[in-house]
Every structure is written in structure tokens, then in C-alpha cells.
Amino acid sequence: MTEPGVPTAILGASGYIGQHFARLLGDHPEFGRPRLITSERSEGRTLADVWQLAEAPPGSLADRRLEAASPAALARSGVRLVFSALPSGTAGTIESELVRRGVSVFTNASDHRMDARVPLMVPEVNPGHLALAARRPRGHGLLVADPNCSAAGLVLALAPIVPRLRPKAVHVTTYQALSGAGYPGVPSLAIADNVVPFIGGEEEKVARESARMLGTLRGSSVVPTKVPFVVHCARVGTREGHLEAVTVETTARPSRDDLEDAWRAFDPLAGRSLPTSPHPPIEVRREPDRPQPIRDRWAGHPARARGMAAVVGRIRWEPPYLRFFVLSHNAVRGGAGGSVLNAELALREGLLDRGARR
Amino acid sequence: MTEPGVPTAILGASGYIGQHFARLLGDHPEFGRPRLITSERSEGRTLADVWQLAEAPPGSLADRRLEAASPAALARSGVRLVFSALPSGTAGTIESELVRRGVSVFTNASDHRMDARVPLMVPEVNPGHLALAARRPRGHGLLVADPNCSAAGLVLALAPIVPRLRPKAVHVTTYQALSGAGYPGVPSLAIADNVVPFIGGEEEKVARESARMLGTLRGSSVVPTKVPFVVHCARVGTREGHLEAVTVETTARPSRDDLEDAWRAFDPLAGRSLPTSPHPPIEVRREPDRPQPIRDRWAGHPARARGMAAVVGRIRWEPPYLRFFVLSHNAVRGGAGGSVLNAELALREGLLDRGARR
Amino acid sequence: MTEPGVPTAILGASGYIGQHFARLLGDHPEFGRPRLITSERSEGRTLADVWQLAEAPPGSLADRRLEAASPAALARSGVRLVFSALPSGTAGTIESELVRRGVSVFTNASDHRMDARVPLMVPEVNPGHLALAARRPRGHGLLVADPNCSAAGLVLALAPIVPRLRPKAVHVTTYQALSGAGYPGVPSLAIADNVVPFIGGEEEKVARESARMLGTLRGSSVVPTKVPFVVHCARVGTREGHLEAVTVETTARPSRDDLEDAWRAFDPLAGRSLPTSPHPPIEVRREPDRPQPIRDRWAGHPARARGMAAVVGRIRWEPPYLRFFVLSHNAVRGGAGGSVLNAELALREGLLDRGARR
Amino acid sequence: MTEPGVPTAILGASGYIGQHFARLLGDHPEFGRPRLITSERSEGRTLADVWQLAEAPPGSLADRRLEAASPAALARSGVRLVFSALPSGTAGTIESELVRRGVSVFTNASDHRMDARVPLMVPEVNPGHLALAARRPRGHGLLVADPNCSAAGLVLALAPIVPRLRPKAVHVTTYQALSGAGYPGVPSLAIADNVVPFIGGEEEKVARESARMLGTLRGSSVVPTKVPFVVHCARVGTREGHLEAVTVETTARPSRDDLEDAWRAFDPLAGRSLPTSPHPPIEVRREPDRPQPIRDRWAGHPARARGMAAVVGRIRWEPPYLRFFVLSHNAVRGGAGGSVLNAELALREGLLDRGARR
């Protein structure tokens, strides 16, 4: 089977994030139609058989069969690019082996996010961190992580304003959607008519990953920002789209217009022609009651970048406190889409082996 | 430990129906405080540790520890009465062994419901079927089943009117609550903003169990009614309370008042003083928009019988079609409460061994 | 303002169905960009200001201002085609006046649905009924009604199989979405964790409108089918997409394959090139648990026909009872889209005045 | 009609909070069975006719008819005690007139909450503020306000720990239930599968009312605390029970045990025998995922005080930030129950005219 584009596979293709990867890669202009790797239990079923998303599976992949394959077999078969939707915990060793075998891995799992050599990245926020991966051993693939689904939208919203605000602290409280827990995830009886004020390990991830992404590259490592992130995480009964209430305690006193302008003007990937990149990456809404999950979860232009924009609204600026809400799609910007965009940037930067076409 | 009442245990005490059994038996006037039997995985945890219901666990059992115990060990220890909330499929053999060892079993599992010798019973509807169990081998315990959670409310609503209507067919379409699938049960992503028009095996159970309960005892077996039950089952996003749309195609033409009177006058257990028996067992509502899960799921007086009444409403009688809705609590009348009431009747009928007090 | 296409207006443009009309007509290839007519209360606001749908407003209409305008003023200004999303009750007289003034009206309101001279139509089901409107007085516009939102999907699903089944009765029980009641519609406290087994007038509408659409044109009137429709209607907590459980009591005994083939082969508008017409209009699913609102509400190809297909599944054929579920989008196939398709057919049939281009 | 207890009326008895007043006052040991005052539109209907709560109406009031009555007529008829559930905006002048006519008013409306002479009160938190009302003109009734539904649970949770923490700032983010908006309140389409990050005026109310209640009585007025409250309010799709994520930025460093002990030991009304007073008023939960609306909304002992306790959990103490969640029932502790408890305290303090028994 010869296919155009970088030879690609999705690990964990039958899961919720795996299916979002499939949705985004079914007709990607630069990456090949992905092989769909899964556990032996699902082997042989088609993507359509296991499909869980509300949207239909991509026509180009609906009938493709799920395969079980070892890292060694994948590497041997010529796959050069892997998107990992493996569960955190089991992802780490498999990803490391792939990298050693020369395959580049863009992962949504948390295992390697805090590794000193691994860029933890949102391309609009800290593209320079990609340099960490450039120093890898000869013959190794890249290993690049996208952040926790709540941290992704948060740092995107913070990136343009942090330089103007010189924060003392960032307070974040989340309203996280069901799909953040994957499938089967949260039992319906646990959440119907309810809010669950606990998601294991989430508050710590949001705090340390955000601090790292807003940190500074010094030589071969990242020094996290010292601004404390004070975080509460809770699950609500929405399907998709994480909403976050953010308060920044500031030392500087820019005008409100300066802040809005900073958000609206922010588009550091303009001109890079990354297929999954939204322009603008931040949409600012002035209605009194936005952003909302049902209306804003799919924000992002052009069509390929739907779900990749963060939507900021309800800006209240009463120094020293700036308050706002931000919403982003947990499984797109905060999941599969984030890794696809990371890979697009790496390809544009010449860091990604295009593979021998077979 | 010496406790008053019949020595009792709950099998599958950590599950959703098991917890409803615990809620009902924490201070039962005739049955002892139950031992809480579960799989080895949960052994040693307290009931409070595993509690999943919205209502608080009963004070008398909250700190009681879950135990793993074989049928043999239970029988040896003097337990005379078991309420089984085991999953269908594994329940059958365990229940049979208990019965052989002289323990009486009242089960919510479906394994034995269609056995010729096992009474499948709603006490107000077919108490006479208890005679099937009376003919059991010497030394054996009773084995009595309660029906499928949708069938329970249905036959209760049908019992008073069937003799007046002489039905040609009964059409039933359900709106079943999440808790009908137990815990964890239905994944939230499968049901949020959704209806799932399928519950495995449910339509068949409603049809054949209803036909059996409305059937006739002939000698040592039950001849099911020949009236066909035409059933659709679907899951909706409510927590508790199965709603059912019922159409009876009739041959007789009673007046509407006759029908309402039949429902309102129905109380065959009046005067039996069964603790969990609701009076009346059927509540008829005249508001245009009742019954509803949030308002009617806990119907039933006195307090101990909350959730045991079926609520009938929206009666539309345009011969030959009688249409109405009925609602009953799937985990109480259609689950744990049904079996407790079966046991109370058996005790009153002298069929239940009270056990040696220890 | 000169615009291409038939000069068009939407009445009741600020309501839920009105907004679905705007969504469908923002870039319609044959009808002009519509004027947005509303009550004086909303006059002057833009469509974006009042927008309630989860999807974004069409770019071509987002900034268009709502106008108040009398029927006389609309007719004088050259509007030739009106889509009415007025509330039933007030719609009737306004629609009649427009028609007398030569404007053609395609209405979602119920006021005129049972008028002898008004075609009540689903184009794939009873296109011949359009002949009723052809006989209108000289100078009058057309008046064509689309049916109740539950009846639309129902008759679409029944049309191909009724000739093969020769039904004795049709039993229908609905699971209707919140948007069927418009905006603000159902209070959240009335439906959260609940099902409401009552929608005023709905059961009667489904019965009589379905019987009319499946009836026979005799001279200048329609003789409804004599098959009784036995209907239960209930509201569930889904946003969009009415699900219906259907049982057909039959006299004929086609094979199951015949029935499936009849559904799959059904496409009477094939080749007519109506822009909003889905091909096929009925999608048959074989998964055990479909159709479902979240997955199937937007069924329909090509893109312009999203939400116009009915999805049939869970086919159970045990003569004399055929059971299945059908789902269709209440606000598209069962609302705005139905009327747009009616108008497209009328235009193709040469019944619609294209108006003088201004 | 002679009834025992203080002659009492509920204003706005047909609304959501009004019905909670009725629920609490149907058999109150000290206050008379209330007259049910409403607008002329509902006059003559029974309480049962207009009932909206999931719980059944109190038997003693179900058949009582709603009346329209002016303040003057109420005062003349001998009513001494009024509970006001009138909408904010219209409540103020009516309440003022009642007070001038010698009737004591305990109000849930916001109109008078910030009046210098009106105690804004949660009895466990600032009972001393009642002194403000003691200084009223001769012949006037008392006027006592309960706070905003989110502020009530918040100050209850803060009261025991503020002295130990000496806060620099309090950050609060809410997950507010649907019933906070009354009936019909939030349209279902606005909230199904959604979160709305805006409730008009709410953030300001929480901030200024909390600061007032935690303030200091100086002579005849209250000096609010200077600690800033930084607040985000959002509506989620739960029926009842407001959840709040709270972060206290502190200067002091008590141990975690000190904090928990402070919460657990807090019971300033112990020994006062107020019928609706919960003991303890704060329940501290150690499970990792509590408090939750479905499990904790009805916290409070004894039975009459159900829904009156605040539940605190997920305590994370990493100086200088203390984080926790608190949940309280918005319509009970944060609504009708709060005013009933205020009135019970006033009665016990001898400030409430018992009225001539008629």
C-alpha cells in the first residue's frame, strides 16, 4: 500500500482521543492516512465498528481495520510519525521505544510531559521549546508532548497578556466536559444532575504544565515560571469543551483596551501555513454570557481548524485582578488537534523525517 | 452477634440494587440486619466506602463491613434468608446452591425467573403463584424471583384493568432510567443529550415475564396469558424511575369511570400488614402531565413503602384503544423493594423459616 | 437592494424555527437572501443579536437587521415567497392575507394544515397533493404547509413500506427533543432529570396529519387513510432530534429483506435536483442501538441536506407486528427544512412566481 | 380561622422560593400555618395546583388557596410575620410598607440587603447584626434579610476559619443550580449540554454581601471586612445545590488539623433550640470527591433542618493558599430556610411580636 504523505500511525486509535486523531488525519494534506493501532482485543474490527464520536467517522478511514503492532514492527514497516493516544501510564515505555527506533512521536499522554528533554508545547505559546527535541541522539525520532486538556486553553489565553500583566498569581477553576475522561469514562449515574469536584491528578498537571510552558528556555532545559497557579478542577455534565474561570493577580496596570488588543492581535503562526492552525487562535467575545460549551467548542477557522481556537470572554478588569473565562475543545485543542499542530510545526521546521515513500 | 429478626444476608451488596436492599433492610421490623456479601475484591470495605446512591446509607449498616462468603459458609452460619442482587448469569448457580442448603432466596436476577417451579411474582398481582414454591423438596429453601424492572410497574398497572378490558394486545414503550443498568452502567458520553433505543434482552424479558405473571396457575405450573406484549425499550438520561407508555387494544368497553375506579380500588394486600407494602399500590393522577420521574418516583405510603407505588396518568380511552402512562421506581418496586415485599408475603404465609436465633 | 433569486422573506425570523430558516436560506441557490420579519419588539436588532442556535448564524445574514412589516407592505415591496415560522394561532390570518395579495407562503405553523385546499406535504411522500394548491384563485399565491415535527419523520419512514404491509394500525411513541418547543420553550427545571409525558395537542396532530399525508387525492380533496394512528408523545431532555418507536400491525407478510430493500431503494426525488433534498431520504442502520439523537440528527447528504434524512433502525419483524425506531431532526426535516424543500419542489413544478427582479 | 403560632403569611407563595417557604412552614412548631399571598393572576388556585417542586406539597397546605392581598389588608387582618419571596425590584416597597404597619418581614429579596438599618444575616455567622433591627421606630416591624444564595454557604464555611487565617483575599468560583433562577427561570435549551458563565448581578452580590456579613458592628452600622472577594459565577445544569470552589489567600499559618477542628467544632446555635437549625451547621467530608450536589444538597440534622447544613470538602492547604469546595442548598440554606432560621432567632431573642391570637 503506497500512500502520499509522511507514513503515519495512531496508537490507541479506538479510544476517544484516538478517534479525534483519526478525524483530523483522514485527509491530512501532509501526513499519510494513518494506520490504526490498538490492543489485540479490538484487532480486526473496522474504525466504524468502534466509533464513539457524535460526528461520523472520516470516509477515508471508516473501513480501515484496527491492527495490533509492536513498536518494533511499526518502525520496521516504515512508519515515521506516530500520534499517541495511549493511556498515561502505559504510553511512556512504548513511546520511548519508538523514538529509539527512529520514529517521531507526538503524544497526548502525560508520561513524558515533564521530561527535561521533551518539549511540552502549544505552538502559538512556546514554539521555541521545540529546540529541546532538536538535540536528540542521532537516529532517534522526536518526542513532543501536548499538555493536559485544561492547560492547553489556559496557556493560550495567558500567552498574549502575561507580558503586559506581570502576574503575581494565576487562579483557575475548571468546568470540564465528560469527554475529558475518554470512553467509557465517567459513569452516567456519577454525573447526571451533579458536579464532581475532583479529577485525579488534574490540578497538579494544570499547575506544573502551565508553569513549564510559560517558562524560559535556558540552554538545554526549561525554567518554569515562578508565578503560582492555584487550581480547582471539577467535572460537569457537558459533552465537550472545557470552560475555565481565570483570575490573574497582577502588578502591572495596562488599560483594558491594551489587553483586548493583545488578545485580538495574537497570531504568531500567521504566515506559517500550518494546516490545522486556527487564525486567529484566540477569539474574544463581547456578549455578556460567552464563552459557552455548546456555542464555542468548535471555534476556529479555517474549517480544518475547527475546535482549535480558544474563546475568551467576560473580561472584568479591576486591578489588581483581571478576571475572564476561556473555553477550548478538550479533545481537539486540548488533545488530538494539539499534537497534530505540533507535528505540523516540526515538519515545517525540518525536524520531521518524511520517510521513504513506499 | 445476636440480632433480632430472620438471619439475613444480601448477595451483591456493593452494587446498585444491593445498596437499595441495604437501604430497605437497615431497620426492617421482621428481617435481621443483613450481612453484606460481595466479591473478594471489595471484602473488608464498609458499606459507606462503596456507597453510590444519592440517599445516605442507613446508619445501622454504614460501618458494616462487606464480606466474601460461599453459599456453604452462609448456610452453615445460620443465614435463613438471602436477597440476591447478583448479576444475571452468575446468580443462578449460587442461588440454586443456597436453596439446596435450606436457605430461602429472593432474587432480583433473571436467571431463574422463567423456571417452572419458581414463582415470578409481584405480590399484588399474582400472589397465588407462591404455591409453586411451596412444593419444594424437603429441606430446601424457597426461591422466589421478582421481575424485570419495567415489567413490575407494567403488570401492577394492568392487573386491575385486564379483567375489565379483555385485551387483544398490549403495546408498551419504555423511557428507562440510568440506574436500571446499575453502576457503573451506562457511560455518560453514551447518554448525555441522547436516547439509546436499545437495552439488551429487555424487550423479550418484559414480554415473557409480563405474560407469565398475568398467566394462570394450572396444577404445578403457570400458563402464560396469550395476549401478545409488543415492546420497545429505550434508555433516557433520568437517574431513577421507569416511565412506560402503554396502549391496550381491547375487546370489552367498560366506561372510563369503571377503569379509574378499578385502579383506585385496587389494594389486594390491604389488611395484610406487610411492612413494605404501599397503600394504595397504584396512584392515579389527573394532572395533564403526570406521571413524571422527578415527581413520582418515590410514590408510596407509608414512609417505608416510598418508591413502591406505581403511578398511572394521562388516561385516554378511545375504544378499542386504552392509552396511559405508568411510572414506577426501577430499583425499588422494580428491584430491591419487590423482593423484600415478596419475602414479607412469604413470611406471612408461613413459608419462611425464621431460623434459630443465635 | 437587488439580490439574485426569488424575493424572499422569513416571518418569525427571531424564533427557533425562524433561525433554522435563516440558516438554510443564507446562501440558497434559487431563493434570494431573505428579509427577516419579526415583531416590533425585536425590530432593528441584527440576526446575530438574537441568535439562539448552537451553530453560528450564516455569515450572509448575521448583520442583517430584523424588520417589522405588515403583509400588505411585504407584498407591495415585491416579496414573492414567504417562509412562515409564526406561532400557530397568530400565523393563520397573516398567511391568508399574504396569499390573497399574491405572495406564496410555505408554513411551519399548524393553522392551515388541515384546510381542504392546502397541501400538507412531505415531498417524498405525497408530492401529488401539491395539485390542491394549483387550483387557487387567480392572483393568489400558493399556500403549502409542512407537518408537525413528529409526523414528518414518521410518514417518511412509513411511505415505502405501507404499500407492502397493508397496515391495520400504526402505533407511535415519541421521545421529543427540547427544541421542538422553541425558545424559551421548556423550563430547565421542568425537564432536568425528567421526562414529561405530555405535549399539548401533539398526539392529535401526529395522528390526523399522518393520516392526511398518507391519504389519497380524490378530485379536489384528500381522503385520509383509515388506518388508525395510536400515539403517545413525551418530551425528553435532548436538544434536537425526535426519536419515535413505531409498531405497524400488518395484514401482509413481506420478507424482512423486502422491507429493508423498500426503505433503501426509496428516493422518489432522485433526479429532480432539489438543493435541499437528501439522497437517500431514508438511511437504514444495522447497528443494534441506532438511531440515536446525538449521532443521527444531522443525517442527510449532500451537505445542504444535513438534517433532512430520516434514520431507521432496530427493525424487528415478527408478523403481524413490525417494530422499528425512526429519528429525524425536528427543526430541519420536521420544520424549516421541510418547508424549504416544499418550496423547491413548487419552483421546479413551475408553480412559484419568481417575481420581477428589482 | 384561629390557628396556633405567630400569624404568618408568605409573599410570592407561588414561586420557587415561596414553595420552599411553604414546605418549611406547613407544620412549623412556632409559626402559624401561613397564608399564601400571590399576584391576582394566581388568586384562587390551590397550592397543589401551582406546585413545582419535586417533593410533594405539605399536606397541611396543599389545598390552601392562594390569595391576593395588599400590605394594608395583611396588617389589618392580624398577620404579624411575613416571609417574602417576592422578586427583587418589586419586593422593596411592599416590604417597607408592611414594616411601617407593624408587620415583621424576613425577606429573601435583595432590595434591602445593603440598607444600613437592615440586618443581613446568617444566624450562625453574624447574629449580633440583629441589633440593627432592634433600634427600629416604635410600632414598626422588624426587617431582616437573608443573603444571596451563593453568599449564604460561603460565609458559613468562612466564619470558623477567618479568625485563624487572617485572609488577604478570598477567591470564589460557583457552580450554581438551575433552581437559583426560580421558575420558569433558565430555558432548557440555554443549559442542556452547556454551562453559562454569567448570572446578572450575582458576582457583585456575593462580594458585597459576604463582606458585610463578615464585617463588624460599630454603633448602629456595619463596617464590611476589607478582604476583597474575587468572584466568578456560572450556571450549570444541576437542579439544586450550589457548589463553590474557594481559595483563601492567607497571612496566618494554622495547621490543617486546626482548620478542620475549627469547622467541626463550629456550632454557635447549639443549645438555642431553633427548630430549623442544623447541628452541626457545617459537615466536613474526607472522601476525595465530595461535596457533590446529588449527595450533599440535603445535608442537615435533625430532619427539619435538611438542606440547612453547608458541606465542606476537598481541603487542600498549601500556604499561603487554602483551597476547598463548599456546597449548600440554594433554596433552603440560601433561600427560604435562611429566612425561617432568622425569624426563629428573632423570636427567641424576643424581638418578634407573637400577635394577638384570633
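Order of writing sets the chain letters: A, B, C and D. Residues in each chain are counted from 1.
Following the convention adopted for this analysis, a residue touches a chain if its C-beta (ideal position, glycine included) is under 8 Å from a C-beta of that chain, and two chains touch if they have at least 3 such contacts.
This one's a predicted model, so the numbers in the text were calculated from it and none came from an experiment.
Peer 1: As a test of understanding: of all chains, whose mean C-alpha position lies farthest from that of chain B?
Peer 2: A
Peer 1: Is the C-beta contact count larger for A-B or for A-D?
Peer 2: Top pair by contacting C-beta pairs is A-D.
Peer 1: Just curious, how far off is chain D from chain A if you go by their C-alpha centres, in Å?
Peer 2: Computed value for the inter-centroid distance: 43 Å.
Peer 1: How many angstrom lie between the CA centroids of chain A and chain B, rounded to a whole number?
Peer 2: 48
Peer 1: Going by the touch rule set out above, which residues of chain C reach two or more other chains?
Peer 2: Residues 192-193, 237-239, 294-295 of chain C touch two or more partner chains.
Peer 1: Can you name the residues of chain A that touch chain D in the complex?
Peer 2: Going by the criterion above, the answer is residues 169, 171, 173, 175, 192-198, 200, 203, 228, 230, 232, 234, 236-239, 243, 245, 247, 249, 288-295, 313-314, 316, 321, 323, 325.
Peer 1: Chain B touches which residues of chain A in the complex?
Peer 2: Interface residues on chain A, with respect to chain B: 16, 52, 178-179, 183-193, 237-239.
Peer 1: For the complex, which residues does chain C have touching chain A?
Peer 2: Touch residues, chain C against chain A: 54, 56, 192-193, 239, 294-295.
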